[in-house]
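A, B and C are the chain letters, set down in written order, and residue numbers restart from 1 in every chain.
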Amino acid sequence: QSSVTVFGVLDATVSSYSNKSETPLGLSVTTSSTVQNSSGYAGSRLGFRGTEDLGGGIAAGFWLEAGLANDTGGGFAPGGVIAFNRRSTVSLSGTLGEIRVGRDYTPTFWNDAVFDPFTSNGVGINLIATASGFNTPGQAANGFQANPAYVRASNSVGYFLPPNLGGFYGQVMYAFNEAIKYEPGVTTPNVANSQRAGRYVGGRFGYAKGGLDIALAAARSTIGDQFAQGTTTSLDIWNLGASYDFGVAKLMAEYSHNKLRIDSSAAPVSTAPPGANGALVGIHVPVGPGLIRAVYTQVKYNNVAALAQVVPGLSRDPKSEKFALGYVHNLSARTALYATAARINNKNGADLTVGGPSFYTKPVNGSTPVPQSSTGYDIGIRHLF
Amino acid sequence: QSSVTVFGVLDATVSSYSNKSETPLGLSVTTSSTVQNSSGYAGSRLGFRGTEDLGGGIAAGFWLEAGLANDTGGGFAPGGVIAFNRRSTVSLSGTLGEIRVGRDYTPTFWNDAVFDPFTSNGVGINLIATASGFNTPGQAANGFQANPAYVRASNSVGYFLPPNLGGFYGQVMYAFNEAIKYEPGVTTPNVANSQRAGRYVGGRFGYAKGGLDIALAAARSTIGDQFAQGTTTSLDIWNLGASYDFGVAKLMAEYSHNKLRIDSSAAPVSTAPPGANGALVGIHVPVGPGLIRAVYTQVKYNNVAALAQVVPGLSRDPKSEKFALGYVHNLSARTALYATAARINNKNGADLTVGGPSFYTKPVNGSTPVPQSSTGYDIGIRHLF
Amino acid sequence: QSSVTVFGVLDATVSSYSNKSETPLGLSVTTSSTVQNSSGYAGSRLGFRGTEDLGGGIAAGFWLEAGLANDTGGGFAPGGVIAFNRRSTVSLSGTLGEIRVGRDYTPTFWNDAVFDPFTSNGVGINLIATASGFNTPGQAANGFQANPAYVRASNSVGYFLPPNLGGFYGQVMYAFNEAIKYEPGVTTPNVANSQRAGRYVGGRFGYAKGGLDIALAAARSTIGDQFAQGTTTSLDIWNLGASYDFGVAKLMAEYSHNKLRIDSSAAPVSTAPPGANGALVGIHVPVGPGLIRAVYTQVKYNNVAALAQVVPGLSRDPKSEKFALGYVHNLSARTALYATAARINNKNGADLTVGGPSFYTKPVNGSTPVPQSSTGYDIGIRHLF
């Protein structure tokens, strides 16, 4: 009678990270760790899903998917708790497309994963994702300028185009911030800040035919607000990704543009809002039962005071570059061994890492070390079920 | 080999709430929110259950059922955590009935759900449940006068009559508070208060035959104690519900009586303990593949100082009335679309809402607004699996 | 298509505990409680597991197993949260053995469970496990001298001998503490203490043939470190267990040795490190569909200042003795009823209990009670699925 599929991924690695910072006088300090980690190739998860044929081309479906930190048995919700935080949706789909309600991936994240040779996992993850705070201890926990909806959004309603549009595909998403409104507003209640955070409006449209896949996505994600100052801060994102599969190799590339936007009910706040632009070019080369993966990716920040850019606009912009190389050996369609190595070079205050401990930035002999290089590797096994 | 059924409900809504309070001078303040929520028609859940035939008419069974906040992927245990907090039981059943051990629904809650046209979910939920603190931000988190065992009790042992009694059915439940006893008590240790909370003794008996279903339930639920004062506070509940299915329509009604009881080892504490009485009358009208649902429900408080009843016994009693109307459109036995609208009128300090933000009760121009009306709607989809 | 087995155990008991302490003048205080509890015979759990045949004698497998507090619907991770904290592993196995990565049982715990007639559960649990802090409110939460890896270790890599070695079996485990290393160390950063805790190195080797099963295990588990003092504290464990099944009865015995080890980069710290030695002898006697279980077990502490041993080496050593007797009645291979009774006698400051509240040790009439006896019973049902 059960209409449920239990599915998942367990991905376990042994990983090592080494992150070097250096004082202007050339004194370097390296922080490093060797760990048993999860999700080096694919995000570990446990899920429950199913669909019901309602007749007339209509179907209902549900999808519950929990992230797993299988190194400890915990999860990735706050507090290390297991929750269906990867996806938790109910759907109604038909010839006109699909309506999906709940917690789901944001349209703007898809390009950062689909066109990344390392699908936004492990030490090879692209720097757009890293700078957006995904999986990187050196960064703000919730993404570039603390975007809470970088990867996924709760309280969302999404619409997906149907699959039979001659290669065209697309989706839009709206996520509620569920803020409390007061009417009349003149009563100026003592409202807590950032009630408006969590709102997300975005979409993604693409075309996939033959070897080609190309997609453009854009969104505005509300990050916070200050009731007293009358400001609302959003992150505007757009990105363009593409891949072409030549058979012997698949090329991939993406460009991502991120800029803060501060709406004010009073005087304009700033003419130089912080931003970050990222890019990647990568390749997949199948080799028998294996797959070689490589990526060059970079990110450049603008007007980011937080990254020690003392005089935004005059100081040189912080910038990170990364190269990663990996090999996946498929033992079956479900089970693979993999190894990845990666190196980041940070400049002008950028502090991205491939993982592991933060850069050491406390003063040494009265001089403060500046983040430089980060290197690391994953060796692991990924098992689908 | 697996003897497990995986089952569940995903119910997602878009809901809006608007709650108006007003100063004696007629200045009104409205708090409102529009949200993507869960469980507007049926409580979202994921469960695992199974039974084993032991021969001789005896069977063993288990039931694990977790509440899901599928708008975020979390759950409903404290901290938004997922737990088998809806039900977590092991059973042994036979011709003499069933013994069930663990966390389960209380006998007294059943009438509040079974005889409610909206089965105690969404904006249409009856006011007995709302006043008992279920699902209502405007109220004490754990029920009328903080009853921790309003809906369910942990650490319980229950007994159920067998199903073949000519229409008669029944159950009793005892839940342990697991309090520490000290002997001799004269050592008067510095015991924390409310160790006795969690104890529940109750039962429910009914008769269902033909179109008729009628049931009476009663319980004493221990809410807290103060060791130094020697008092133990309980909530005494009894309720009577009935429904009759005429085919073209099903009528439902319930009356619920709730009164605090303060046992004291010293002088009697109070002759006017707080109480609340609630009632509902409702109807289900099947319309093709759909179902119209409507309810009128009210609750009246007695001697409830917390609800600004300045001189209990002299001030008029706080009172809430609600009317809700809804339509369910079944796409299949498992999937339904639904819409519900509801309105509450509060009087004399009662502050119940259909959901959403609390009433605004901070002073405006030196005058404090008093809760008045609450309105809201749910539009959603419910999918069983 | 699903390759997942859902499995588990629900074990529910009604249990009672009574713990008596006494002042030197003979004034006794008893703390007691009666509760509805879980896991009196076998640890309640919900799991997901599967294996995939990769050909050539190689198989991949995964195992996710969460502990369940089915009396409340919660779990046993910190905060009462449900997590796959019993086991969370991915494996690759073949003719050369199995490599297993993730969170798993430690080799040294196996003997404490396998050779215990009560398999380390309920009031009959052996005192080695109790003194190691497992399941005992009177003790440090994480085991003897707070060993975080007494039962299981996170972030581990394990190797198991293949099963076809003529009765010989064995396993080794290494668990990473994932501590941050600083290079050069001379920068002496302000490192938080106990970063090295969680490291575990251990193994277990045994022989099982005919009625005989015997196994030796040993490990070093890092418990903490103090960066400023340059000390690292570990717990060294070794234990030897054996059982022989005569058919009419199965005899079991185990000896366990535990000693703290403090490595210091400066002068040696102590010549009398704390330790604890434990033992058990037990029996299983099958009786029709039932099983009688009995155990005598004891533990003796050395140099344990925490247990009020005022002058370690001069005061007599704290010591606990326990006798437990139980009966299991199998209704089927999956479902059983059981009852167990147990009593502990504590001497010289030892404070082990069979469960329930801590001993009362606040002064009574100016005199402090010392822990004496602890008694308790479990009556319950265990259901496998």
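What we mean here is this: a residue touches a chain if its C-beta (ideal position, glycine included) is under 8 Å from a C-beta of that chain, and two chains touch if they have at least 3 such contacts.
Predicted model only: the values in this text are computed from it and were never measured.
Two copies of one chain, chain A and chain B, form a contact in which under half of the residue numbers belong to both partners. The rotation that brings the Cα trace of chain A onto that of chain C spans 120°, given to the nearest 5.
Taking the mean of the C-alpha atoms as each chain's centre, chain A and chain B sit 40 Å apart. Residue positions of chain B touching 2 or more other chains, listed in rising order: 6, 79, 81-82. In the complex of the two chains, the chain A residues touching chain C come out as 5-8, 10-12, 14, 29-37, 46, 68, 70-75, 79-82, 331-332, 334-335, 356-357, 360, 362, 364, 380-381, 383, 385. For chain B in complex with chain C, the touching residues are 1-4, 6, 48, 50, 52, 54-55, 58, 60-62, 64, 66, 77, 79, 81-90, 92, 101-103, 154-157, 175-176, 178-184, 187, 189-190.
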